[in-house]
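Next up: the structures, one after another.
Paired with subunit B in one complex and with subunit C in the other, subunit A is shared by the two complexes that follow.
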Partner chain A sequence: MPATRDHPQPALRCRDISVNFGDVTALSEVSADFAPGMIHAVVGQNGAGKTTFARVAAGLIRPDAGEVIVAGNAVRTGNVNDVRQAGVELVHQSFALPPSFTVAEAMEFGASGSGFLYSRRKLEQRWQAHLESLDVKVDDRARVRDLPVEIQQSVEIARALVADAKILILDEPTAVLSPSGIANLFERIEKLKQRGVTIILILHKIREVLSVADTVTVLRGGMRVEGPIDCAGINAGQLAELIIGSAAPREINADDRVALTGAGTVAHAESHSADTTAIPMLEMQSVSTHRDAEGPALEDVSLVIRPHEIVGVAGVEGNGQRSLVRALSALSDLAGGTISFEGTDVTRKPLSGRRAAGLRVIPFERNVEGLSLSSALWENWSVRELLQKSLLALIKPAELRKRCAQALTSWSVVYNDVSQPAGALSGGNAQKVILAREMDDDARLILAAQPTRGLDIGATTFVWQSLRSARERGCGILLISSDLDEIFDICDRVIVVLSGRIVGDFSAPYDIAEVGAAMTGAVR
Partner chain B sequence: MDDIIIAILRSGTPLVYVTLAGVIAQRAGVWHLGLEGLMITGACATILGIYLSGSVVLALIVAIAACVVGSILFWFVIEKLKANPIIAGLGLTGLGLGGTALAVQSIFGTQAAVNAPFGLPRLGPAFGSYGVLSVFVLLMPVFVFAMWVLLRRTRFGLKLAACGEHPFAARSVGVNPSAMRLAALMIGGVFCAIGGAELAAGSLQIFAQNMTSGRGFMAFAAVIFGAAHPVGAAFAALFFAVVGAIGIRAQLIFGDNVPHDLLLGLPYIATIFGIWLSTRLRGGNKTAASFGELRDY
Partner chain C sequence: MRDRIVPVLRGLIFIVIGLVLCGVIFTIAGYSAPLMFQSIAEGAFLRPRAFEHALRWGLPLFITAVGVGISFRAGYFNIGAQGQFYVGAIFAAFAAEWLNGAPAVLVIPACFAAGMLGGALWAFWPGLLRLKSGTDEVITTLMGNFLAGLLLIYVTSGPLKDPSGSGQQASSRPLDAAYRISDSYGLSPTIVAIALCVGTAMWILVNRTAFGVLAGLAGRNARMIEWQGAQLYRLGLSSFLISGALAGLAGTLEFMGPNGRLASGFLPTHGFTAILIALVANLSVVGTAFVSLFFGGLASAALFMPIMAGLPAAAIDIVNAAIALFITAKSNAIDRLFGSRGRK
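Showing the complex of A and B:
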């Protein structure tokens, strides 16, 4: 297409891109033209192919078919150096900076040209100036691992701009940020746009798309269903319809729809208050832990969860969520305080004792902590009861296989055979296996840590429904999530953690601005 | 006093060279347990080279070539055939120990030690009593410094460290971790060859079966002890040499009052102690999370 005034040459043009991972089609003949000097959003649910699309454009994945054309010139697909040469840079969702590097080293290792040897001082001078020009306030001698996530992201953006980037792609940059962090990011992006950089944002919240982007492209199931179209010409409802699609797996209620797409404010229609006279399912009194490598220690955390109650934990990641789960599941020693389940002190009980008392955990990393990927499904499913038995208790595999098959079927897990390894399942099905194990009839207190991360719409709503029905049965539930929409949708109460402390306690109706302010310590 | 220092430098120098090979591999993300095999290959090739060609330079070239080929083989097995690097490294060690024995057997028809007519060039009378040491002892600090510059003051070093620590980060700026690992292992091969040559021909002029007797593993321990920092690891290697020298000295002093085997075991006990200490000081090795596995993401 010749460049004309009405149709300037696209900064980035993707033509008929198809990507398959084994049997799974990640992208299917996706074409899109991105005009220069604008902010483009690419939206879609998990599994829609957004990250794959970004990585193809950045040269990290070689598509099975299709072309990537930067400013009119085709680049060799799947070749990062070629693509970077052409001025395309990608900022990853979970940042790609070696944690032990200093900020200056992280800048330098991705740079090109200008000398082979360097002295530390020369390096720091060069990159401090670069960081200042981008308004990133950070000591460039600091190590990446010691930086808060928002600063890490700024550093990664600065890293992407060390060369003369013309197109900057950001993969889900808002997923790890607090609401105010998102506002700061969007300000930074507007500034880059004024410098003439073309921005492509991979997002999944409609609210964010409409507040920052000029155009929007919608992906669903690896296909482009719309766009890029002008954001002025579309409203939140229409976008939600495009993202979810008409062929949604089951009826999704209005609140869940809003929560899935971030299209507005969750009304939280089904809020109900728990019985405050009932014996609390969980009572933590002034619990503190020791600091370790995985995050800040808990400091003086007191928390009550009653039966029939879902309590949400909001907070920027790395503010003590993992310490909280470890403290409750007896995986770390307490420095002080007490924990009781249903009025019984379990502070000194090991995990097995707590599980016997009804504690169940849906862990953060389903493929690492939740399942043994190389073990059979029935083995993964039956560990719950096997671990409760005595060391020499007889195991009856045939019976366990049969019961496992029944359980998995009732949780609508799609699988071939209970003897297949857990690693062969998709993310949604793998999570359902964990639910089938952890949400049994004896469950009393359920810790659900990021239970929907990376799951598609069907699996996400399934998890939400499961948590709600556990609440109906009288369980107490602690839901840890970095997705505020999810928390607002299904939680009866929300606490906010910051640096290992509880800094806020909210109940419906929630105000995203108030909760967001608590997440960054702007109030109290 | 001089004789103790000479003894330490004699036993420490080969160890330092091999340690440098381990450092660069570790930085690239490879736990190199094949150091022992490459070291003995270097030792054997040097002595055989001198014996058969009569030229030290030619012998060193042969030793370096042999160790670099061994390193490429190691890379191929762990990178292309996706074998576990720990197992493959131990395999390389077995190959080196067995292969050198086989080479000696097939050339000389006997398992006896091979004597070369001369060894590596010595420093000479200008250095007084230190003149008995080989030139590679004097070059050792130079190589340590050069390795430090390469790893800590060049972009190559940063890219290499990124490949070891966060390969996905390396890939996303267009660095190929596999190619960087090959480069690191090949450079390591050169250092293993020098270490082996120094061991067999630096103060001696002899090759005997299994003459490395675990020095490659001790070098690996020094890599961990020194947190994969070239200077730190070199000092760790020298520390092990010091302990070894003390052990020998103690034997002379105490005679039969202290069990002979205990004193000979001192360097190995120090190795275990050193690793325990370094874990205590640094709260665990930062690469331990991916123990031995090659990571691509």
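Showing the complex of A and C:
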């Protein structure tokens, strides 16, 4: 294996790591040496094994084969305490701080978990200093749940550094951040590097890799295809090639390629202009909602979506995207304003009435809100239709099964039998079942909430193509995504939400800096 | 096919494990386990007319158990079948009392209507509390059982008290023979016909209507079906009402058939056995029919055991409890045993 630098001893060395989950191979004989004191990026598409790799390195998963060597000493794999003792800390993708704890409590119990009795004041004194030394500006009496994501992440990083970590692994730390948040994170990481910490970043976007990392390792399909190699010696195009691979779906156009890997920024959506004289598919006028457990209140939101138009919603997660979709789906009560579909007021109509008028929803949480995992595929598929009937309407299950099979086949879902539970499908196939249900010929207005989250490249481009062809048919589409590249690539217009308000409305060509500034409320 | 056989085998395994456990318990308690099993086998299945005895106990259990299955399918753990069974019987008894003297063709249907209404009512308020304010239905229906038991004591020693009663057990006046739907032996064409109608109607409801599929989905993932625009309120409340009405119907049946009067504390485990049946049958209607027959057999064996094995009749409750104990293991251990697959 070609060593990247002439260091005698890598900070972290992984040898021939293989992990299987049931029949699925997550990692297959992955080896990599990470030199100390540098920033290493590990990249790959969804499902490439990045997170599994991070979790093996952090001792959370015991690999079926292979060893993890920290600073020359083999650690017991799959033993998180041993690995932490050796100085390896992981910052999770979805943060693991208990939401109801104060920052000081989270630091204390996240760090050691020792002892029962503590005085609040002592805790606070202890941790405020630590936070300040890392330049995290937060009141340590604040509850974790009240903090913005960016600060939560900083606290989580500070928590990981309590025990004098020598190797810090961050799993997709940029996924939840705004562009400026990402810039701040990278600055913070640079400072840690100067303090001698070895950093391994699990990343998704080539742009980010090239701006922060010293070396890059590419995983694909559970195998290491390259690396760690020096970032200076590779360009975005080559890296994109490594990530996607030659066996990837053929018909990925150049812009999609860029959007998939974050190799650059897609400035232009495909030239496509909606007919501004047509009756709007959706018209929201000064809609407000109440704040609830699921997100901030919408405040005075007005939005028009026309036929043949995809409108993207950009914003840091938790700024009202959920509230917006729920208000449009009649799942929350309006405090004011009106909603109309194709010129008809539906403000007072329940979701079933709105669905009858052509509303379709691809919900945020595929496995909870989109599908019933323990129910049969045909039940999941036919539920929309059944709800349009009266409860006592007689049905013919055999016929429903047959039609379901036809629909699933035409959406190229890979499955065995329509009676199998939806939970047996992979993420991409599960999403296709939802598409098959929600993107039928009668669909008029489609709300697509994070439709590609967690999907691999093939499934992601499939979803994009489906949304585009729905647009061709004349549908209006609202796309909520936390991936700006995705939004820029397929949306005709982009709105930005911040704290339940629409604070920006952009059309192509998009400028990531401008949109990013709107996301954080920076005045430009 | 495999999908259908595995749950049945699974149910059988509970029963076998439960019986083995009982054997151990009774051996420790100083009884003869082989004699116990023999008495169960003979009492339930082998003695002359054993099938008819099993039917006599099994049919009312079937009616209640099918109803329990409906609410379980929809995701509501209505464990108030016992209370709904009692309130159904009480309503029917009041109807019979008030209409006493009217022609049987009028009184009998009126009693059934009243019984089903009573049962449904006793499921309505827990259902309403659950769906309107999220009150846990396990707690409310359980409390409902106690309330109904006390109500039964009050009714049989108050408004409906039989003045000529011996005083040993409070009970209502015997139902006029013209209104009885069976003799005290407890099996009649009317009862069989009612059970068949209920079974058919519920099979259609579960397997051939939109309600069946939607309630099943709601039971497994209410949030998903909410995002589809379902009115959980309607689905849930109708499930509660159906299960209550059927328990009430079973109560009416016992009152107007074999019992012929309302006695305080009669059949105190009926509703709980029905829950057990629904769970062993994996909530399927056809499965419930077979399992009900089995438990009906056990119930008739209960009367046989003291004679043969010198065991108290309540020993059968231990058999039921032992089976119930293993039902809770259903989702984990047994599934693994069968190697059932599925992510998470």
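Assume the second predicted complex is superposed on the first by the 510 of 524 C-alpha atoms of A that agree within 3 Å, B and C clash if a C-alpha of one lies under 4 Å from a C-alpha of the other, contacts with A are read in each partner's own complex, and residues count from 1 in each chain.
One rule holds for everything that comes next: a residue touches a chain if its C-beta (ideal position, glycine included) is under 8 Å from a C-beta of that chain, and two chains touch if they have at least 3 such contacts.
These figures come from a predicted structure and were not determined experimentally.
Chemist: In the superposed model built on subunit A, check whether subunit B and subunit C fit or clash.
Modeler: Superposition check on subunit A shows subunit B and subunit C fit without a clash.
Chemist: For A:A58 in the superposed arrangement: first (subunit B), second (subunit C), both or neither?
Modeler: The answer is first: A:A58 touches subunit B but not subunit C.
Chemist: How wide is the angle at the Cα centre of subunit A, looking out to the Cα centres of subunit B and subunit C, in steps of 10 degrees?
Modeler: 40
Chemist: Is A:L331 touching anything from subunit B or subunit C once the two structures are fitted on A? First, second, both or neither.
Modeler: second
Chemist: Is the number of subunit A residues in contact higher for subunit B or for subunit C?
Modeler: C
Chemist: A:P99 in the overlay: touching subunit B, subunit C, both, or neither? Say first, second, both or neither.
Modeler: first
Chemist: I'd like to know which partner A:P421 touches here: subunit B for first, subunit C for second, both or neither.
Modeler: It touches subunit C, and subunit B stays clear.
Chemist: A:V80 in the overlay: touching subunit B, subunit C, both, or neither? Say first, second, both or neither.
Modeler: First partner only.
Chemist: A:E108 in the overlay: touching subunit B, subunit C, both, or neither? Say first, second, both or neither.
Modeler: Touch status of A:E108: first partner only.
Chemist: Scan A:S211 for contacts with subunit B and subunit C and give back first, second, both or neither.
Modeler: Neither subunit B nor subunit C is touched by A:S211.
Chemist: In the overlaid three-chain picture, which partner chain does A:V368 touch, first (subunit B) or second (subunit C), both, or neither?
Modeler: second
Chemist: Give, as a whole number of angstrom, the minimum Cα separation of subunit B and subunit C in the superposed three-chain arrangement.
Modeler: The answer for the closest subunit B-subunit C C-alpha pair is 5 Å.
Chemist: Please name which positions on subunit B make contact with subunit A in the complex.
Modeler: 149, 153-156, 158-159, 161-162, 165-166, 168-174, 283-284, 286
Chemist: Can you list the residues on subunit A that touch subunit C in the complex?
Modeler: By the definition above, subunit A touches subunit C via 22, 329-331, 350-352, 354-355, 361, 363, 368-375, 379-380, 382-384, 386-387, 389-397, 419, 421, 423-424.
Chemist: Considering only the defined contacts, which subunit C positions touch subunit A in the complex?
Modeler: Touching subunit A from subunit C are residues 3, 204-205, 207-211, 213-214, 216-217, 220-221, 223-231, 234-235, 238, 341-344.
Chemist: Can you tell me which positions in subunit A touch subunit B when the two form their complex?
Modeler: 58-60, 79-81, 84, 90, 92, 96-101, 105, 108-111, 116-120, 293
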